[in-house]
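In the two assemblies presented below, chain A is common to both, partnered first by chain B and then by chain C.
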Partner chain A sequence: MSYLPYALAGWLFMIGLYGIVTSRHLVHLVVCLSVMQSSTYVFFLAVGYREGASAPIFKDYPLGKPAVDPVVQALTLTDIVVSVTVTALLLALVIEIWKRAGTVDPDELRQKQR
Partner chain B sequence: MTALVPLLVAIPLIVAALLVAAAQRIHPLAANVTAAAVAATVTVLAVLLIFRTSHAPIDYWFGGWHPRHGIAIGIAFHVEPLGAGVAAATGALATAALLFSLEYFAEHVQPYFHALMLIFLAAMIGFSLSGDLFNMFVFFELMSIIGFGLTGYRIERRSVLQGALNFGVTNTIAAFLIMFGIGLLYGRTGALNLQQIGETLRHRQPDGLVVVAFTVLAVGFLVKAGAFPFHFWLSDAYAVAPIPVCVLFSGVMSDLGLHGLARVYWDAFSGTLGGHDEAVKGVLLVVGCLSALVGAGMAFLQASLKRMMAFVTIAHIGAGLIGIALLSARGLAGATVYMVADGLVRGALFLAVGVIMYGLGNPNELRVFGRGRGMPVAAIVLLVGAVTTAAVPPFGPFVGRTLISQSAPGIVTAVLVVSGALGAAALLRASARIFLGLGDRRDPLLVAPPTGEDEDEGEERPIGLGLLLRLPAILLLAAGLGLAFAPGLADRAVQHAAQVENAHAVALHTLRAAKPPPLPSLSQHVTTASVAYGVLSGVLALGLAAFGLYRRRLRLPGGRFAAPLLAGAKAVHDGVPGEYVAWLTFGAAAIGAALALLIR
Partner chain C sequence: MSRRVRIRGFLVSALVLAALLGWGFAGLPDFGHFAGEYAQLLNRVATGERHATNVVTSIVFDYRGVDTMGEEFILFAAVITVGMLLRETRDEGRRAPRDEVRSDAIRLFGVSMVGATVLLGLSIVAHGTITPGGGFQGGVVCASGLALVYAAGSYRAYRAAGPYEFLELGESTGAGGYVAIGLAGLAAGSALLANVLPLGTAGELNSAGTITMLNAGVGLEVSAALVLLFHEFLEEVEHR
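Then we have the complex of A and B:
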């Protein structure tokens, strides 16, 4: 079992986090959130991976032949659905902020609020 | 009776779907009445479940996928009296909020709003009953996404949008952390059912993976609860959300974060972390005490009642977290009773703030100084509610806080007394200014909310009869106070908490249909000391409120030095999402490092 996918998941999580903390543009911030979420997909697929096993489609499948874990794939799918919803909702909020405030720089927004 | 369990979630979801489908054709008031009726039905069902589970927890397996040979494959709702109690409180608060919105919003919202409220209700109840870690995540996310939408419902205001965005970003990161926790536990145990996870982990020494999994799950739930230092999003979001939504946010959504933490700890981790309970206890107690103090301190600095209530919520979440952190039956029972009773009172307080906003157009104590003289009902609810939140005997929050402080170390009890008093003092000071016109008209130390935030709900309107504006607040307050007089409340709460904490027996009952864990006969007594703490809190609250009102006349020398300190505290709290996320990262790292060092 390789550690590479776990390292990749960790990297995606950290780079996304770094992007959010230093973000100067709300669209960039929302995209960084999606990058962070990608790390959970990689992580889940790595958890369910089995060496030499095939996809978990059990029609005409020989009994006893190993397959990768279908549960984590279902979890990943659910996670992707959640991600799409969150991204869409947050981007809609960003568009409204742009319409009202004329800027999407978090620091400028804070100064305008005063 | 078991078949009724899924209805608690199914009914609101189905009615919400129907409301959306018929949104163009149905009158908003009809939609509102329907939604309120559904919420009331759900409340009744949840109360029934409290009594039905009083001997043994009920497990409802979706699709009839019962566990075989002790292996759970299906997905379950695991209902025990404490979870059902939280669900009942959720239903009661939703009913009150929807009744209130009948007159508050009248025809100014579309049926989509009521549909969203019902989905929110379903998500919160599903979260409180779920016995499956991934289902908890799904309901957590559903709760969050609906929450972002409801916060930003009055989309025409910029401050509303930013509050919703901060809420969205921080809570989504919390959800990622929970996802990682689920993945780690699933990789280790091959299970998603909480009891199954607990049984698989039971006989192992906790290693790095278990500690990391517990840390990320705990932090995820603490972000939702709004504990320090994960609370920054909370004050922004609660300050801008419409009042009926705030009632649910403050009254129960924050408490659900704690409920999730307690459930995951006891069901899944108590077996393996049980030998290191001092470590878990220490770390969670520190977080709880800091939340209680920071929340109450910031509440005292707010001029806007809505923001003040947000910080009071944070302070009280800290008190609840202290109860859970004690890892004792009394602590858990106290935390649950406190969360339910205090949640109902907080709901009533938010509704009273709603009456002020409806009548005066603004919840800022300095802006509407002395103009609330014609609002006796709101005044009584706010004053009585504020005193009660200091846990003055003999009302509901007092029962909960007594159970907590009876098993807490002395210094923690002191934190509870001070934090309760400070939060209540802030509310008393604001009520005295608004309703009685007492004290100074100006107070430069108080935080003025960002421009535009206060005129959230429009201009002054004549209240008129306003029965539906006032009645829900009175009912919620009465429920929160009256809970103390439910016979044997404290005894039974402690018994059920002891049952929950007997995790191995609970798991055998769930997975192998073994006999339910016994209900130990524990009787609780209110000691003189606990009454004294309650009275002390109340007196301290009155004193601090008077100090807040007349501080400038005292001409204290300390003001010059306090001002920069307070300005710093304010500056940290009106940040941008990036800063909030930096705090979140820092808090998660600190909790993880502390647990890793202590559990070795």
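Then we have the complex of A and C:
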């Protein structure tokens, strides 16, 4: 019995969330969100792994022999693309915040709002 | 809410979340022993049905092709939004930056790697139905080729290398082409994104019918989209 890959996914999620909560810089916050999203890649790939199986590519590998789950790999691909777009959008917003407010510290931003 | 209160609140809720996650993970199948029926079925039949030896690609562009269409439009919309956000407040009258890489070794290595990088990217796109890779992966590699022109050369060389009017056209063509190929399935009397083209021989470049075409369209869109993103952010750099 091994749950280590699942534990790694959970740990990545928690450490990313901790970074977001305690962040003092919005770029750091966006990177922490990426760390959180990476936990889902680890999780997907861990769920799809099968012992003694090959990659789901049957170029030089006979059909019918065990291969890992290709569905979760396709989902991971979608996941990565979404992660990239979210990161790009958030970074663009951070630049706008910097231009308008002159700070990217979430706590300072809240004080400026008052 | 002060910082200290916030962190304490987080630690309490994190413990609850960790407990819930642990509970959930304990109910999952043991690592390495998950037997998803759908996955095993696809592994058995996909290569025979679609003549693509890379099952992941045939899922992305065929069995779950509609998801990928949505995903493509997420990317498309994000790139447009980033452009709109950043261009609105950009000071256009700024003079061009004069940053240049001064080390000859870095320049030589970087510039000589540009062609190889783009070629590798194109190869990964082209072989997406056969071996690991595909439009998304290869598109990213292609885009990093142009980023390399900036990283190893100068801003001016980078501007000269990139036809930015064509990039937007390339991105739209990639996204629109995906929909057009999808509609071709409908026009042929089948479903949206049905694989209606001749399938060819599995393991050859012109096999797998619409998968190969959708794959190429995505490769075009992803490389154009990423270069555009890189471009928009680069334009924001303050040059002194």
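The rule is simple: the second predicted complex is superposed on the first by the 112 of 114 C-alpha atoms of A that agree within 3 Å, B and C clash if a C-alpha of one lies under 4 Å from a C-alpha of the other, contacts with A are read in each partner's own complex, and residues count from 1 in each chain.
Following the convention adopted for this analysis, a residue touches a chain if its C-beta (ideal position, glycine included) is under 8 Å from a C-beta of that chain, and two chains touch if they have at least 3 such contacts.
Here the structure is a predicted model, which is why all the values come from computation and not from measurement.
Contacts of A:I15 after superposition: neither chain B nor chain C is touched.
In the superposed model, A:D107 makes contact with both chain B and chain C. By the touch criterion defined above, A:A7 lies against chain C but remains apart from chain B after alignment on the C-alpha atoms of chain A. Contact comparison for chain A: of chain B and chain C, C touches the greater number of residues. Touch criterion met: A:V82 reaches chain B and chain C at once.
In the superposition on chain A, A:Y49 makes contact with chain C only, while chain B stays out of contact range.
Shared-chain residue A:A67: touches chain C; no touch with chain B.
In the superposition on chain A, contact is made by A:E96 with both chain B and chain C.
Shared contact residues of chain A, touching chain B in one structure and chain C in the other: 13, 17, 21-22, 47, 71-72, 78, 82, 85-86, 89, 93, 96, 107. Chain A makes touch with chain B in their complex at residues 13, 17, 20-23, 26, 29-30, 33, 36-37, 39-40, 43-44, 47, 71-72, 75, 78-79, 82, 85-86, 89-90, 93-94, 96-97, 100-101, 106-107, 109-110, 113-114. On chain A, the positions that touch chain C within their shared complex are 1-7, 10, 13-14, 17-18, 21-22, 46-51, 55-59, 63-64, 67, 69-74, 77-78, 80-82, 84-86, 88-89, 91-93, 95-96, 99, 107.
Of all the residues in chain B, the ones that touch chain A in their complex are 134, 138, 141, 145, 148-149, 152, 155-159, 161-162, 164-165, 168-169, 172-173, 175-176, 179-180, 182-183, 186-187, 192, 450-451, 574-579, 581-582, 585.
Within the complex formed with chain A, the chain C residues making contact are 3, 6-7, 10, 14, 17-18, 21-22, 25-26, 28-36, 38-39, 42-44, 46-48, 53-56, 59-60, 64, 67-68, 71, 74-75, 78-79, 81-82, 85-86, 89, 130-132, 134, 136, 203, 222, 229, 232-233, 236.
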